[in-house]
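Worksheet for the structure shown next.
Chain naming follows the written order as A, B, C and D, and within any one chain the residues start at number 1.
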């Protein structure tokens, strides 16, 4: 087993991996940029090395600096977390060259799955189900019509070089196909300087379902149930759960076996995730493979009872998987909310700043993986995820109840967060009924929020007055030396508050 | 289902029940004594009623006051938690008379199991295994000798009215029996004004194993695995875990079936616990039944995946148990530490006071059921339990690793706590090997603590100096109006600290 | 003490009187029995008619948010004895308007120069944080009197970026 | 700044010098490069030679505890420029000794009266908290000069309960 592991990441996932190291008796090494000196992962690690300025390109994405820190610290393995360098095959290569074990798949597997077209070719060979269509450019409107007849309407035209919805057209009838193809091509040309457009069957209201796999370096591969990640905003997952309400044990087994086949076709080792689209008739189609630990791995941990990060480390250290497929048992239901520093009332604009007051939920069925603390300043430089809140229950209804309760206990003062969005989701009838697809969140956000019926204006008025009265009391009480000068307003008030608070508590 | 439930308790268990109510959409009503106005259970409840002075006898034990609060609030059920009135049959009667549902067994069941001799008589009828011996007073030394021969040495003499170890004598050989009986009798006479002494086979190094049961009001009873509670100090449980490392599935089933039979013999409803002694040959003997929710119920929740408080409420509302014995599956391992405000370096003397700094653990496999918060003053009037920390893992080793990690993250500043005791236990070889019996903790406490090898005196010196330097800097910096007068020392310094801290964070 | 409190545009009149341990509270002429304890610098526990409220306050330079449960209210508190309210928002007047940063971030572009004429709604400065850009627009037609930040500089929420006259 | 720091009876000499963002640190004549950030009123993060230390301070009237990880150290800090140390314990002298409450609690019994002669180790006052009783004993043979508490009264940790002469 490794004696020392460097974590090439920051935020909650770095803390998550550090905790696993601590549990396994492994020394953990953090790396940090200028702005992250006081970040939680630095405080929690056993060792920490500065790797550069705040810009990620000069620190968390800087392969040379990270390997230098590994060398200085004597770490013999690197956990990349997610994001940053986690799916960078060059980094995996560089680790191998430096004699440091990369905790993840081989560079070769990453390269194969990282290229969409290459992945598709390999997966076709392995007989993995795809959305019907072509992966080559259309040569003419006639060819398009012919293929569309074969796969059936509606169809989707997609720019080969595409992304972000550009050069995409949904076509419902043959009559619309020709003009749609022309406009898709010209949009693709403008956007990507490449007018190649291909055709696929359109999956309407799909669900995003993914399967967690684990593969050791001795040929053993297991799947660990699915996660439903249909609640997305701008292709970014927002809420994830396991199991999916629409996946029964038969479908689970079929998807799991396909996922394991994908992993084997890619000679995959360590933890990985196979993403599928599931249509309304419960047909599933391979989308892509994520060659790393996912943000949403905790929901799988809660329903399977295993620790994926421990297992990642054990696999990387050459151990055999300690259980087989038959030992995997799902129990209960888990739902994760990604808590972001962003303002749901202002188009989800990021909201960095100082966390002045933090109240975190606890008690039964609640897990929080956090990268923040009270008094910490959320920097402007990175992804605004602060923490993940996961509710577990014996069934989906109880998981939702727990999550609702925990969200109501959660308070992050001083910055805006998306907690209110989750409070709305867990109370939404469609969510409670598991009527989910990738369009769910957009629909919810376009609908009028339910009026929070009971208005507490009286209580607000009384509370606001009491705060003012306590401020005034503490200003004039005591030694009388407290300045009321304006530039000291906030810290002065805060310290006075301390006193007022103590006074109250002694009553 | 009940619309509103009053919780006749305080501290972590009141918060635990309030959370269950919140999850189930039930309005929660707290009650509080003078000193508990700012206690966490009052802050977390939907409603709160003052029920008297700080002394428990005038508040949390005052049946009339509690029923009056139930009436005023309109609560239709009362959850008693543990301790206080939870096993008071009079209270259960009074609730019934007032038309309020007591969430627990009937008064009749409580009365039967509350009296040791009556419980023994009833359980004998039901064929429950007891420690061999008599439950009647010994008439003579000859009779004692005769019975001792029959059940085999060593034997234990026990005062019938006994408790707290008074009037107890362990006898290894017939030669010692007569004098032991005489001294036990005279001690019993002095302590309880009653010299009745009976005899039992002595169970050496027993384990304390208990079985959780649930019974609905429609005749269904299930057992939910066992808890090992052998780590005790002065007959007070300190660490509990589930499952027990020495109970295999066959023994589990046999103990569970006996436990269910005990419950049925007592016409028991709601949640209850059957306590057993387990000897070195894995024979088990009925000890007593606890007719309430136990402090240590979370370890059962974590390994079974059910919520016992939800189920208590559902059962009390007349619902049928939502699962049968066959549905109960244990998975993983859970260990609980009872965090007390007491000083392990000073004979575990209680340590009430203000919690000035609180850092609570989080992340995977960690549950904390807490009744405290930073800034709260632990009152002198009640049991010093602050919180329960529970570690869960896929096996016992991982549960211990998680707990060790979580304990190291836990910091409660301003008062003494027994966290350091748990840090010692989770590192102890006998504990890790599950070599446990009710004498374990006494042995550990008598042994020399392992030296924490590495001394950080250099770092301590540097840190102490830095604190002093920062104090001095902030004293002279800024507006210069901060008084350094001694009576303001602590609060003044604290507020200066705020500023220093902000200054540092902005670097 | 007497306060004017404005919530959602409604003006309330609150009289508070401390009698040793207790607060007497009269809201819009109605006496309301309250029980209050402060549990943290910016947290109060209120008990009114048996109901509990954990109230949290967020303060910034320009406003005060009062949270009750998971609902946030903006409350402005005025002490009628003082000439102006504590939290009187800046820029309510005619005359020069200050453009303030809504959030901390980095100035990625300054779109105007001092003395430039600008229209209402015209972009003045672009601030970036966490890979998202926010264009701060002129609140009125006028002339840029001052630009207080430069490209590449860091700003905090509430910082004045520019003044339009 | 120069400090004398006493840990477990060992006296250390620490020189600290703040150079804008950094601290220069010389311990017993050896320079030690440190990187420090304060994350809370009583919490520091120290980075020394790649290793991280989260250091917490607990302060009470009479002592200062420094926690590193889960180990607690008592440290006394003296500023050699001042005449006496910050944390000089009370009652080290001959003459009257103060009996102090080790913890908050309620006085359940006062076992002596003023002017009583007492032996060293004799019980003077019994304080109860959380159902446990603590008998506070006389530190020396002498005469009770003063009893400052009465049966039934509440005391806080560090309160003087009585004085023995």
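Criterion: a contact is a pair of C-beta atoms (placed from the backbone, for glycine too) under 8 Å apart; a residue touches a chain by one contact, two chains touch by 3 or more.
Predicted model, so just to flag it, every value in this text is computed and none were measured.
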Farthest chain (mean CA position) relative to chain D: A
Averaged-CA centre spacing for the pair chain C and chain A, given as whole angstrom: 33
Separation of mean Cα positions, chain D and chain C [Å, integer]: 44
Distance between the centres, which are taken as Cα means, of chain B and chain A, whole angstrom: 38
Set of chain B residues in contact with two or more other chains: 37-38, 44, 375-376, 408, 494, 498, 501, 504-505, 507
Multi-chain contact residues (two or more partners), chain D: 37, 39-40
Pairs of chains found to touch, sorted by chain label: A-B, A-C, A-D, B-C, B-D
Residues of chain B touching chain C in the complex: 30, 37-38, 42-49, 72-73, 373-376
Touching residues on chain C, where the partner in the complex is chain B: 35, 37, 39-40, 45, 47, 50-52, 54
Of all residues in chain A, those that touch chain B in their complex: 15-16, 19-20, 22-25, 37-38, 44, 298, 301, 305-307, 309-310, 329, 331-332, 354, 360, 362-370, 375-377, 393-394, 398, 401-402, 404-405, 408-409, 478-479, 481-483, 485, 488, 491, 494-496, 498-499, 501-502, 504-507
Footprint of chain C on chain A - complex, ascending: 341-342, 346, 349-353, 356-357, 380-384, 407-408, 411, 413-414, 419-420, 423, 452, 456-470, 472-473, 490, 493-494, 497-498, 500-501, 504-505, 507
Residue numbers on chain D that touch chain B, as the complex places them: 1, 3, 5, 7-8, 10, 12, 14, 16, 18, 21, 23, 25, 27, 32, 34, 36-44, 46, 48, 53, 55-59, 64, 66-73, 75, 77, 79, 86, 102-106, 128-132, 134, 154, 156-157
